[in-house]
Amino acid sequence: MTTSFADVASSNVALRTFLHGLPGVDRVGADQRAAMLGTRSVKTTAKAEAIDLAIRMVDLTTLEGADTPGKVRAMCAKAVHPDPADPAVPKVAAVCVYPDLVAQAVGALAGSGVKVASVATAFPSGRSSLDVKVADTRLAVEAGADEIDMVIDRGAFLSGDYVKVFEEITAIKEACGRAGGAPGKEHGAHLKVILETGELATYDNVRRASWLAMLAGGDFIKTSTGKVQPAATFPVTMVMLEAVRDFLAATGRAVGVKPAGGIRTTKDAIKMLVLVNEVAGDGWLTPDLFRLGASSVLNDLLMQRQKMATGRYAGPDYFTLD
Amino acid sequence: MSRTESPARLAVRKTYKLYIGGAFPRSESGRSYAVTSSKGEFLANASRASRKDARDAVAAARKAFGGWSGATPYNRGQILYRIAEMLEGRRAQFAAELADAGTKRPGDVVDAAVDRLVWYAGWSDKIAAVAGSANPVAGPYFNISSPEPTGVVAVVAPDDPLLGLVSVVAPVIVTGNTCVVVASERAPLPAVTLAEVLATSDLPGGVVNILTGSAKEIAPWLAGHMDVNALDLTGVSDPGLAVACEEAAAENLKRVLRPAPADRADDWAADPGTRRLTAFLETKTVWHPTGI
Amino acid sequence: MFEYAPAPESRDVVDIKPSYGLFIGGEFTDGTGTPFKTVNPASEEVLSEVASASADDVDRAVRAAREAFGTWSAMPGSERAKYLFRIARIIQERSRELAVLESLDNGKPIRESRDVDLPLVAAHFFYYAGWADKLSYAGYGPSPRPLGVAGQVIPWNFPLLMLAWKIAPALACGNTVVLKPAETTPLTALLFAEICRQADLPPGVVNIVTGAGETGAALVNHPDVDKVAFTGSTEVGRLIARSVAGTRKKVTLELGGKAANIVFDDAALDQAVEGVVNGIFFNQGHVCCAGSRLLVQESIAEELLEALKRRLATLRLGDPLDKNTDIGAINSAAQLAKIRELSDHGELEGAERWSPACALPERGFWFPPTIFTGVAQSHRIAREEVFGPVLSVLTFRTPAEAVEKANNTPYGLSAGVWTEKGSRILWMADRLRAGVVWANTFNRFDPTSPFGGYKESGYGREGGRHGLEAYLDV
C-alpha cells in the first residue's frame, strides 16, 4: 500500500469517505459494455489457445454437505489429468474444498503442481465470530491449503461497518501466515476474498467492496460463494477487473480476480477471458491473477477442445464426471 | 380635429418611438414618417426604424432570452394575463386609435385582442404537456421529449394594427421566445401604445421589441441576421419580399413560418389553435439510464 | 495481447449484381445519366455499377409517386400498416444479408450494422406501421391528411437506417416517396426496393433514384414534390432551404453537429470513457450527432485522458466484416481527404495529436482513432464537423462554463452529460441548446424517441409521435 492509503482504514468515517469517493458505476453502461465484449468472436487458433488457458485457470470446486474424501480424491485425479485420454490437456489451477477435506486434497495432489484452495470463515454466510473464522482458516492452512477463499461479512458491509470488514480480512490474512510450514509452503496461503456480489446488490458496492478487500491485503477478489444468485455475472466480473486495474495503477500491487458460480460453458469461459483481456489487460491472463471458480465448465472445455482437435462434436459420455 | 378655436389648454402630444430592450428610443437614423388616419389626416410622426435599430432590437431580444425562457411557465402566463389586463384598461385609447386607423367596430377588436392574449396566456404551462411526450424506448432508459423555445424570433406583423400584432406576438413569447416585431407600417400607432402596455405589465425588457417603419426595408435584415433563430412572415403580403426573406433565412437555417396564401391572408385572425405556438418550439429529447 | 483470430462474417449471404437500375413505379429501369461505380471502401474493390438518374428520370419517378399517391393515401390506414409490418418482417428475415451488404458498401463494422443498424431499421418500420391507422389520435387534428409526394435525400453514414427514418413515417401517413440514397452507398436501398416488391407494395409508393448531387437537386427542386426531407451536411441543407423558398413544400432537415460530451468530476468514470468512445468512434465518427468535442472538468482531465488512451489502445481497426472489428473503413476517399485536412490543420493550430499504435490496412480508406488535446474553442477542429474518428478535448471549470462552451457553436443537434448528480443533469439538460441530450449515455436511438436539431443542425424531428408531423398537412 502506498502512503496515500495508509490512513484510509483508521475509522469508519475515513473508510466511508474513501470508498464513497471512488467513481460510481452506471449499471446500464456497465451492462452494455460487458454485453458488447460478449459479442467478441474467438475462433480457430485463438479459441484453441483460450480453451487451454481457461483450463489452466479453473479452480475445480466441490462445496457440498455431501462431500467425502472419496469425492475429493476423484476430483483431484481429474484436476491433474482432466482428460485421461489426452495427456496434452493442461492441469487445472487448483481444487477448492471445505477445510476439513484439505488434507485429503493435499495428499491426492502432492507433487502435481495443482494448488489446494479451501473456503473458510464460516463459509458461505460468514455469520460467526472472528475467533471461529480465524480458527476455521488456521485449520485449513495447517492442513496444507495453498489458498484460502474467505467470505466478507456482508451484513457489516451493508450496514456501513467497513472497519469490521477490513479488520476481519486483515485478521484472516494474518491467519494465512504459516511459520515453519512445509517446504514450498513457508510463505503461507494466498488469500482470496469473496465479496458475494449477489448480496451486495449494486455495482457501486461491488467496486467499494473490491477496494476494501484489496486495501486490507487480499491477494484475489472473488465474486461469489456459488451459493447465492446471481453469482459471477459478466458485468460484475468486469467491475472487479476495473478495480484491480485501478488498484495496480494506484499502488503497484496486482490483485487477482476470480469469478465463481454460474460459469458453465466454454463460451462463458472465453467471454471471461475477453473481459480480462480488454478491461484489465493481458497482464491478468495468467492463473496467478485470474481463476475460474467452477466445476461443470471443465467438461465443456474438454468437449470443445476435442471438437477443435477432431472436427467432430463431442459427447458427455466420453468425459469423466468427477 | 378642429383648429378654428384655440383650445383652453394646449395638449401634450405623444411622441411615437420604437420599443427596444424595454426602452423607448427614437430610431438611431433620426428618421420618421407621417402617419395618417384612414381619412388621410395627419395623426403623428412615427419612427422609421433602420437596419441598425433592427440589429439593436435583436441584441436586446437575445439578451432577454435567457431570463425569459428560464422563467417558470406560470410566471410567463401571469405576465401575459397581466398584459391582457392592461390592454383592457386602455380599451378606450386603443379603440380610438383603431378608429383613426379605419378599423371597423374597434371596441370589438380590442376585446378580441384581450381575449386572444388570455387564450395564449393559459397555454404557457400546458403546451409542454400537449406537445411533449414520454417515449417508451426499448431499453433501460428514461426518455422524455419536451418543447423548448426556439430563441429569438423575428416577426413581420399583419397589417391589422392591434389584433394582428397581438395574434403573432403572444404565441411567440408565451413559450419563452423573445421577439423583434415589425409593426403595421400603415397604422403603427396602436403598436406603440401596445408597447406602453407591455412596459407596464412586468414583461422583462427585450422580450418584445417593436419596430415601426418599412417592413420591406427592415425585414430582409432580420431575415438574414445570424443571431435570429426563426422568422414569422405572416404579415408579408408582397410575395417577392417573402421569398427574399425566406432565402435570406436559409443562411443560418431559421425556422420560417411562411405567409398564408393570398386567399387565406387573414389566417392569423382565425381560431388560433396551437400552430403558432409549435412553429417556434424545438423538441428536446433527454435520455437517462435507469439502473441501481 | 490476446489476439483473436480473424472471424469474418460470410459474404456469401449477399448476391451483388454487376449493375443496378433505378426503381421507378415498381420496376427496375435504366437511368439516362452516366452510370457510376460503388466501391467497398475497405478494399477499393468495385462492387457494382449503378444507374444515375437524370432530371428526366427523377421526373418519371415523381410522376410514378404522384400516380400511386391517390390509391395509397385513400387506402385505410390499417391496410397501409400491414404493408409496413410486412416490410419490417422481411427486413428481419433478411437482416444478415442487409447487414453484410451495408458493411460492404459503407465500410462500417459488421458488429454495428448487425447489432445497431439493422435492429433499428426493422424497429422503425414496426413502430410507424402501428401509427398508420392511429393518426387521428396523434394530436394533429381529427383526420390529418398526408402531404403528397415526398422527395427524400439521405446520407451515406447510415444508408439503410436513414432510409427507414424517411420512408416509414412517410408511408404510414399516406405519402408516396422518391428517395435518393447517397452516391457512395446505394446498394442497401436497392435491396430495399427488392424487399418492397417482395412485400407486394403497390408500384410507385416507393421509388429509388440513385445518383449524385444533381440527382438530389433535381428531386428537391421538382415542382410536383410536396415535401422535402434531407439528412446530410449543413451546407447542402442551406441550399435546399434556399431553393424551396416561396414554394408550398414542407421541409425537414437533419444536418450537421459538433456535439459536446461533458464529463464532470463526479462521473461514473469507466462508463464515461465508454460513452466518449462510443460518442466519437461509433461508425468511424461518421455520425451527425457524434460527441466530437469532449468537455472535461479540469480537475479530472488528466485521469480521464489517461483512461481514454488506454481504452483506445484496445480498439480493433480493420476488416469491417470481421466480427471483432470496432473501427471500420472511412466511407470514401473524399471523406478521408477531408478528415486528413482538418486533422492536419488541428496540428498546425497547435493542438496535440494522439493515436494509439494501430496498423492501417494498405488498401482502402482508413483513419486511426485520433484525439486532439490542448484544443481551444477557436480551433477549426473544435468548430467544424470532421465527420470522422477525431475527438477534440477541451476543459472547463464550472457547470456554467461547460454550458457556455457546449452551446458556443452554430450547431445544436446533440449533447452528452456525465455526472452522478441528478439535479445537475437536469440543470444541464435544461440549458444545453441541443435536440437530443444524452445523460450518462450517448448515441442511443429508438424509433419512439424524436431526433433532430436546434439552430444550424436543421429542423423537424424524426422518430416518435413528433416524427409524424413532418409528413402530415398540419
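A, B and C label the chains in the order they appear, each numbered from 1.
Assume contacts are C-beta pairs under 8 Å (C-beta built on N, C-alpha and C of every residue); 3 or more make two chains touch, one makes a residue touch a chain.
Heads up on the chains, UniProt names are A = Deoxyribose-phosphate aldolase; B, C = Aldehyde dehydrogenase.
Quantities reported herein were computed from a predicted structural model and do not represent experimental measurements.
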Arrangement of touching chains [line / ring / star / complete / other]: complete
Chain-chain pair with the highest tally of contacting C-beta pairs: B-C
Between chain A and chain C, centroid-to-centroid distance (C-alpha), Å: 44
Where chain A and chain B are represented by their mean Cα positions, the distance between them in whole Å: 70
Computed distance of Cα centres, chain C from chain B, in Å: 37
Junction residues of chain B - those touching two or more other chains: 139, 141, 289
Junction residues of chain A - those touching two or more other chains: 26, 28-29
Multi-partner residues of chain C (at least 2 other chains): 440-441
Chain B contact footprint on chain C (complex, rising order): 123, 139, 234, 237-239, 241-242, 245-246, 253, 255, 410, 425, 429-430, 433-441, 444, 446, 448-452, 454-459, 461, 464-466, 474
Chain C-touching residues of chain A, taken from the complex the two chains share: 23-26, 28-30, 32-33, 39-47, 50, 242, 273-274, 276-278, 282, 285
Sites on chain B touched by chain C in the complex: 70, 130-131, 133, 135-139, 141, 143, 145, 150-151, 229, 239, 242-243, 246-247, 249-253, 255, 275, 282-289
Interfacial residue positions of chain A with respect to chain B in the complex: 26-29, 31, 201-202
Residue numbers on chain B that touch chain A, as the complex places them: 139-141, 289-292
